[in-house]
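Below: a set of structures, written as C-alpha cells.
Okay, so subunit A shows up in both of these, paired with subunit B first and subunit C after.
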Partner chain A sequence: MKSKSRSKLNSQLYAMLLPNLILFISLTVYPIVWSLRYMLFDYDGIRSASFVGLDNFVRLFTRDDVYWSSLLNTFEYAAGKLVLIIPLALILAMILNIPFKGNTLVQAIVFSPTIMSSAVMALMFYLLLNVYNGDLNRLLLSIGIIQEPINWLGTSLAMVSVILVAVWGGVGNYMVYFLSGLQTIPKDIYESAELDGATYWPRLFKITLPMLGPVLRIVLMLAILAAFQDIQSIMVMTEGGPLGETQVVFLYLYQLFFPISTTSAIQPQIGYGAAASVVTGIILGIITAIYLFVSKKLDDIF
Partner chain B sequence: MKKSMALLATMLVLSLITACGSNSGNGNSSSQENESVTEGKKTVIKVWTMNRADQEYMNEKIAAFNAENEHNIEIDYQIYSDNYTQSLDIAMATNEGPDVFFDGATAFNDHLLKGNLAPLNDFVTPAFKERFGEGAFVEGINVIDGNIYSLPAISTTPRLFYNKDIFDKVGVTEPPKTLDEMVEVATLITDQLKGEGIYGFAANLKNPAQALSRSVDYILMRSGGVEAGYDFVNGKYDFSGYKPILEAYKEIFTSGAAFPGSESLDIDPLRTQFAAGKIGMYISWNHSEPGVYMNQFPTEQNWSVAQLPTIEETVTGSQHLNLAGRWYFMNANTKHPDQAWKVMEFLYSDELLAGYHENGLGLVMVPSVLEVAENPTTIQNWPELALTEHDKIWPPLPTGVIPEGNDMYFIFNAIILGSLDVDKGLADLNERYNAAYDKAIADNKVERIQYPDFDPANPGKVFGQ
Partner chain C sequence: MKKTATRLLIIIFLAVMIIFTVYPVLYTILGSFKTNLELQGGGKFFPSEWHFSNYVDAFQKAQFLKFTWNSLYLSGLTMLFSLITSSMAAYVIARHNFTGKKVLLAAYLSVMFVALGPITLFPQYMLMNDLGLTGNLLGLALVLTGGQASNIFLTIGFIKTVPKELDESAIMDGAGYFKIYMSLILPLIRPILGVVALFSFRLAWNDYITSLVFSISNQSIKTLTVAVVGLRYSANAAAELHIMTAGASIAIIPIIIVYIFANRQFINGLTAGAVKG
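Let's turn to the complex of A and B:
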C-alpha cells in the first residue's frame, strides 16, 4: 500500500518535471549534440561535411593564437570581475542585513541592474563611456579630476571598462544570495557571543564568515561560471575589440558558429567551432572541479 | 528547506505555464492559418529584405499593390536588419523561408549551393530582359551555367563625405584628391580646431571589416590595385598594394589627428558626430549617407561629397559597384512560383524603381527606369554621388576561402592603430590567405579564378563588356 502511494507520488513528480525536461532536451541537449558531432569534420553549413580526423584539434593546439589569447583574456576578465564583485556583494549584503529605514529601497536599487537586459545595459554604458561626449568624461572633467577625456573603450582601458560594467550589472544578484545566506544564520549564536563580550570584528570572522561558507562556495562557483560565459555586454560594447583586447573565448566561439558581416560572405566554421567548444568545455570543467575540490573546506561549518 | 521546496514548486509551476502558453500559442496560430486558407482567396507571398532605409516608400507601394493587384496576391513584407543572414538561413533550412528575398551581399553565395535559388529563365521574357540593357546578365554574378538567378536594380560604391564649413574654417577649398592630401587636411583640421572638439577624420573601427571594406579596399581599386586582396591577373592573394594606404591611415590614427575613440566607434555614432559638425571627413556608401542626413540625423551642417582619394594623383583603376547585378531572388521551394514572379515583376517595375531612384533611396542602374525617372534630388544637390566612368562591375571573387586566424580587416586595423608592423602584417596575410585558397581548391570547394589580361580600369572586359 505504502509503495503504491509512493509510486503514485513519483509519477506525479515525473509528470510535473516532464514539460521542463522536454524543453531542456529539445532546446539545449539536442542542439549541443548536433553541433558537437561535427568536431571531426570540416563543415561550413553550406557544403557537405568532410571528415578531417583530428585536424581541428591540431589546428587549435598548434596554430590558433587567437583562441589562446582569447582564453587568456577570459581569465583576466573573470579574475577582475570576481575580485571586485564578490567582496563588494558581501559588504553590501552585510550592510543591508542591518535593519534600517529605507533598507528595502536600497536593496531594490542595488538589485535593479540585474533585471535589465545586459545588451541594453551595455548600450547605455557605450554611450556613457565614449571619449568624445560621454557623460562620465564630462562629469570627471567638470569636477576637475581629469584634464583630458579618458578613452574608456580604447585599447588600454577597454578590459577594465567591460569588467566594471559587469560588476555593476551583477553585484545585486550576488548580494541577494549573500543576504539570504546571512538570514539563515541563527540569531541566538550572535546573542550568546554578545553575552560573552565578543565585539563586531570577532563576530564577523568567527561566526558570520564561517557560517556563510556553504553559501559562499556555491555563489563563487556560479560567479566563476557566469564570468566565463558573459558575452552579451562585451559584444555590444566592444565586439571583442579594439584589436581583440576584450575578445573572450565564448565570443570567439560564437563568431565561429555565427560570423557577422554585412559586406562579404563569411562562412561559419561549424566543425572547427565544435572542436574548440569541446576543448573549452573541458577546460571549464577542470577549473570547476579544481575549485570544488579546493573549496571543500568551506562546507565544514562545525 | 521549506523555502527551497517552495522555490522548486514555483519554478515547476512557471515552467508548466510557459509550456502551456507556448502550446496554446501554436494552436492559435495554426488555426488562424487554416482560417485564412479556407476563407481567403488571396495568396500570401512572403518578401524579406534587410533594407530599413527604404521602409516608408516600400511599405506604401506594397500596401497599394496589396489593395489593387488583380492576381489576388498579398505581399507579407518583412525587414530584418542586423540578423537578416541568420534569420534567412534558419528559415530556409526549416522550409519556412520567404518566397522572394533580398540579396544583402551574402545570400547569393550562401544559398546558391544549397539549391535554394530558383532559376528565372522561364519567367524572364525577352521583352522584360531588354529593359535591363546590355551587359546586365553576367555569368558568376547573376547567371550560373546559363541560369538567371537575379536581376540588377540598384548599386552602391563609396565616396568621401566632408564638412564644407569645417574646410572653410581652416581655409581648404578643395576636397583631397590623394591620400597625402587627405592626411594633410585631416591633420590641419585637428591642429586648428581640436579646441572646439572638431577632428579631421573618422572611421567606425569598432567593426574593422565594415569600416575598412568600404574605404581602404575601394581606395586601392581606384588606384589600380586589387579587390579585397585578390589579384585577378595572377590568380592569388596579394596584399602588398595596401601598404601606402595603410601607412596614410596609420599616420592619421597614430598622430592624434583622427576623431578620438574611433577604435570603438560604430557607424551610427560616427554619423551623429558628423551631423553635429565634429568630424571633417569620413568614407561611406553613396546610397546611404544622403538619406541619413536628410531623415535619420537631420543636420544644419553644410556637408558635401567627393570622389575617394587615390594613392597617386591620377585614377588608374575603377571602383567596384557593390550590390550590382543582384537584388531579389525567388525561393526554389516556393509553393507559388507564378505569384512569386508577379511580385518580382512588381518589385522590378519601372514605376517602383523610378520612385525609388527619384527619392534617393538607391541609385538605380536599370536603363528603362532611368529613361522615365528624374534625377534624384540627392544627385542634383551632390553631383559627385552619381556613378562615373570609374565605377564599374568587377568579376566575382573566390568564395569559400577561410583563412585561419584573424581576417584581413583585423590585421589592417592593427596596422592602422600602430600595434603591428605593416610589412609583417601584409606578409602574414599573403601567406595565410593563399594557404586557405590553395586548400579550398584542393578540397574542390572553389576553382582558381585567373584573368591574365585583367585591367582594373576596365574590369568588365573579362566577361565581355
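Let's turn to the complex of A and C:
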C-alpha cells in the first residue's frame, strides 16, 4: 500500500522533469550526435547524403585556407576584445565599488547595451560608421579630431570597428561580474591595511587583484568563449568582409550551413560544415583546457 | 590636491564611458524622426524637423505591425515555456534524488562551457520541420527555450534558500509533489521567476540568427529584428534609412522601457547563480 503511493509520487517527479529533459536532449544533445554522424557524409541538404569517410577532414586540413584564416581572425578578434573589455570593465567596477551619488544610475547606463538586440544595434552602427554620411565621421570632423572621413568598415579598420562594437555591447556584463566579485572582499582587510599605512596602489596589487583572482579566472573563461561565439553583429555589419578581413570562424561555419547572403549564392555544405564544426569544437576545447591548466598553475604560484 | 585630480580623472572616465554607451542609442532614436533625405545627407545629430510619420510608414507600408506582433507572441511563448520547464526541473533537481541526477547536472554544466556555435541550428531546424512545427512560431519558441542550463542553475540556487521543513510539513499533510511545487515553492521563488522571465523574454525578443533561419522559408513568421536587419539587404535600402531607424527604435524602445523599471533584476540576475568564486 505504502510503496504504491510512493511510486506514484515518483512518476509525478519524472513528469515534472520530462519537459525540460526532452528539450535538452532534442535541442542540445541530439545536434551534437547529429554532427558526429554527418561529418562523415557529403550532404547538401537536398540530395540524399553519401558516405565519404574522412574526406571532409582531408579537405579541411589540406585545402581550405579560408577556414584557417577565419580561425586566425577569430583569435585576433578575441584578443582585441579581451584586451579592451577586461581592463575597462575592471576599472569601471573598481570605481563603482565606491559609493557615490548616481552610482546605480551609471551602472544601469553602462549595462544597458546588453539588453538590446546586438543585430539591430549592429545595423545602426553600420549606418553610424558609414564613410560619407555616417554620424561618427561628421562628429569627429566637426570637432576637428580628424581632417578627412575615415573608412571605419574598410579593409584596414573593419576589425577594429567590430571589436569596438563588441566592447560597447559587452563591457557592462563584465563590469557587473567584477563588481559582485569586489563586493565579496571583506572590508576589514582594507581597514587593517590602511592602519598599516598602505596607500592605494599597494592595496590594489596586494589585496584587490589577488582577492579577485578566482572571479577573474571564471570571467576570463566566459569572455574567451563569448568572443568566439558572437557573430550576430559581425554578420550584420560586415558579413565577414571586406575581403574576409572580419571573417570569424563561427560565421564561416554558419555560411556553410546557410549560404544565403547578398554576395554569395552557393550550395549548402552540410556534411563539410559538420566536420569543420566538430574540429572547431575540439580546438576550442583544447584552448579551454590549456587556459584552465595555466590559470590553475598561476593560482598555485601566487 | 592629488585627491581632486584623481576625482577629476574618474569623472572624465565615467563621462566618456557614458557618452560611448548612450551615443549609438540616441543616434537611433533621433534618427527615427529624421527624413530619409536628412539621414542620407548625414545632417546634424538632432533632427531638423521631427517627423513622426516614419513610424506610420513602418507600421503601415513596411508591415511592422505584423513583425512586432510576431516578436511579442514569440517572446511571450518562449517566456512561458522557459518558466514552466525550468522551474519544474529545478524543483525536482533541488529537492529530490533520482538515478542519473549527477550525470544530468554534469551535462547541463558542460554545455555551458562548450561552444557549439551555428552547428546546432541546422539539425534543430530539420527536427522542428519534421515535427511540423515550422509553419508557425511554435517551433522557433521551443528552440529558443532550449535546455536552459543557466536558468535551471539560477532557480536551483534560489530554491535551496527555501527551508526544507516547509516541504516536509506539507508532505506530512498529505500533499503530492506537484501540489508542493505549485502552491508552496512557486510563490516563494517569485523573485527568481521574475529574472528567468526577463532573461527569456529578452533572449527571444533580441534573437536574430535562429529567427532568421526559421523564417527563411516562411516569411509570415518573421520577427522584428529579422525584418529590421533585412532592410539592409533590400533592393532599395538607401531609400529606406528612415524605416531602418524607425524599425530599430520599435525593436529597442520596448525593452528599454522594461529595463528602466527592472534594471536591478537584469543586473543582479546576472550574478545571482553564476560567479561565486
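As a working rule, the second predicted complex is superposed on the first by the 270 of 302 C-alpha atoms of A that agree within 3 Å, B and C clash if a C-alpha of one lies under 4 Å from a C-alpha of the other, contacts with A are read in each partner's own complex, and residues count from 1 in each chain.
Following the convention adopted for this analysis, a contact is a pair of C-beta atoms (placed from the backbone, for glycine too) under 8 Å apart; a residue touches a chain by one contact, two chains touch by 3 or more.
Note that the structure is a prediction, hence the values are computed from the model and not measured.
The superposed arrangement places subunit B and subunit C in clashing positions on subunit A.
By the touch criterion stated above, A:Tyr132 is placed in contact with subunit B and with subunit C alike. Within the superposed three-chain model, A:Asp64 lies in touch with subunit B and out of touch with subunit C [touch as defined at top]. Of the two partner chains placed by superposition, only subunit C is touched by A:Phe250; subunit B is not. Shared-chain residue A:Leu123: touches subunit C; no touch with subunit B.
In the superposed pair of complexes, A:Ile95 makes contact with subunit C only, with no contact to subunit B.
When both complexes are overlaid on chain A, the residue A:Leu23 reaches subunit B and subunit C alike. When the shared chain is aligned, subunit B comes close enough to touch A:Pro242, but subunit C does not. Comparing subunit C and subunit B on the residues of subunit A they touch gives the larger count to C.
In the superposition on chain A, contact of A:Phe258 is made with both subunit B and subunit C.
When both complexes are overlaid on chain A, the residue A:Thr199 reaches neither subunit B nor subunit C.
Clashing C-alpha atoms with subunit C appear in just one stretch of subunit B from the list 2-10, 38-46 or 308-316: 2-10. Residue overlap on subunit A between its contacts with subunit B in one complex and with subunit C in the other: 16-17, 19-20, 23, 45, 126-127, 130, 132-133, 258, 260-262. Within the complex formed with subunit A, the subunit C residues making contact are 10, 13-14, 17-18, 20-22, 24-25, 27-28, 31, 39-42, 45, 84-86, 88-89, 91-93, 96, 98, 104, 107-108, 111, 113-124, 127, 142-143, 145-149, 152, 176-178, 181, 202, 205-209, 213, 216, 225, 228-229, 231-233, 241, 244-245, 248, 251-252, 255-256, 258-259, 263, 266-267, 270-271, 274-275, 277. On subunit A, the positions that touch subunit C within their shared complex are 9-10, 12-17, 19-21, 23-24, 26-32, 34-35, 45, 88, 91-92, 95, 106-128, 130, 132-135, 137-139, 168, 171-173, 176-177, 180-181, 184, 214-215, 218-219, 221, 225, 228-229, 231-232, 235-236, 250, 253-254, 257-258, 260-262, 270, 273-274, 277-278, 280-281, 284-285, 288.
Of all residues in subunit B, those touching subunit A in their complex are 12, 15-16, 19, 82, 86, 89, 104-106, 108-110, 113-114, 197, 205-210, 213-214, 228, 259-261, 263-264, 269, 273, 278, 322, 399-400, 402, 404-407, 410, 413-414, 417, 419, 443, 445. Interface of subunit A with subunit B (complex): residues 16-17, 19-20, 22-23, 42, 44-47, 50, 59, 63-66, 126-127, 130-133, 149, 151, 153-155, 158, 237-239, 241-244, 258, 260-267, 269.
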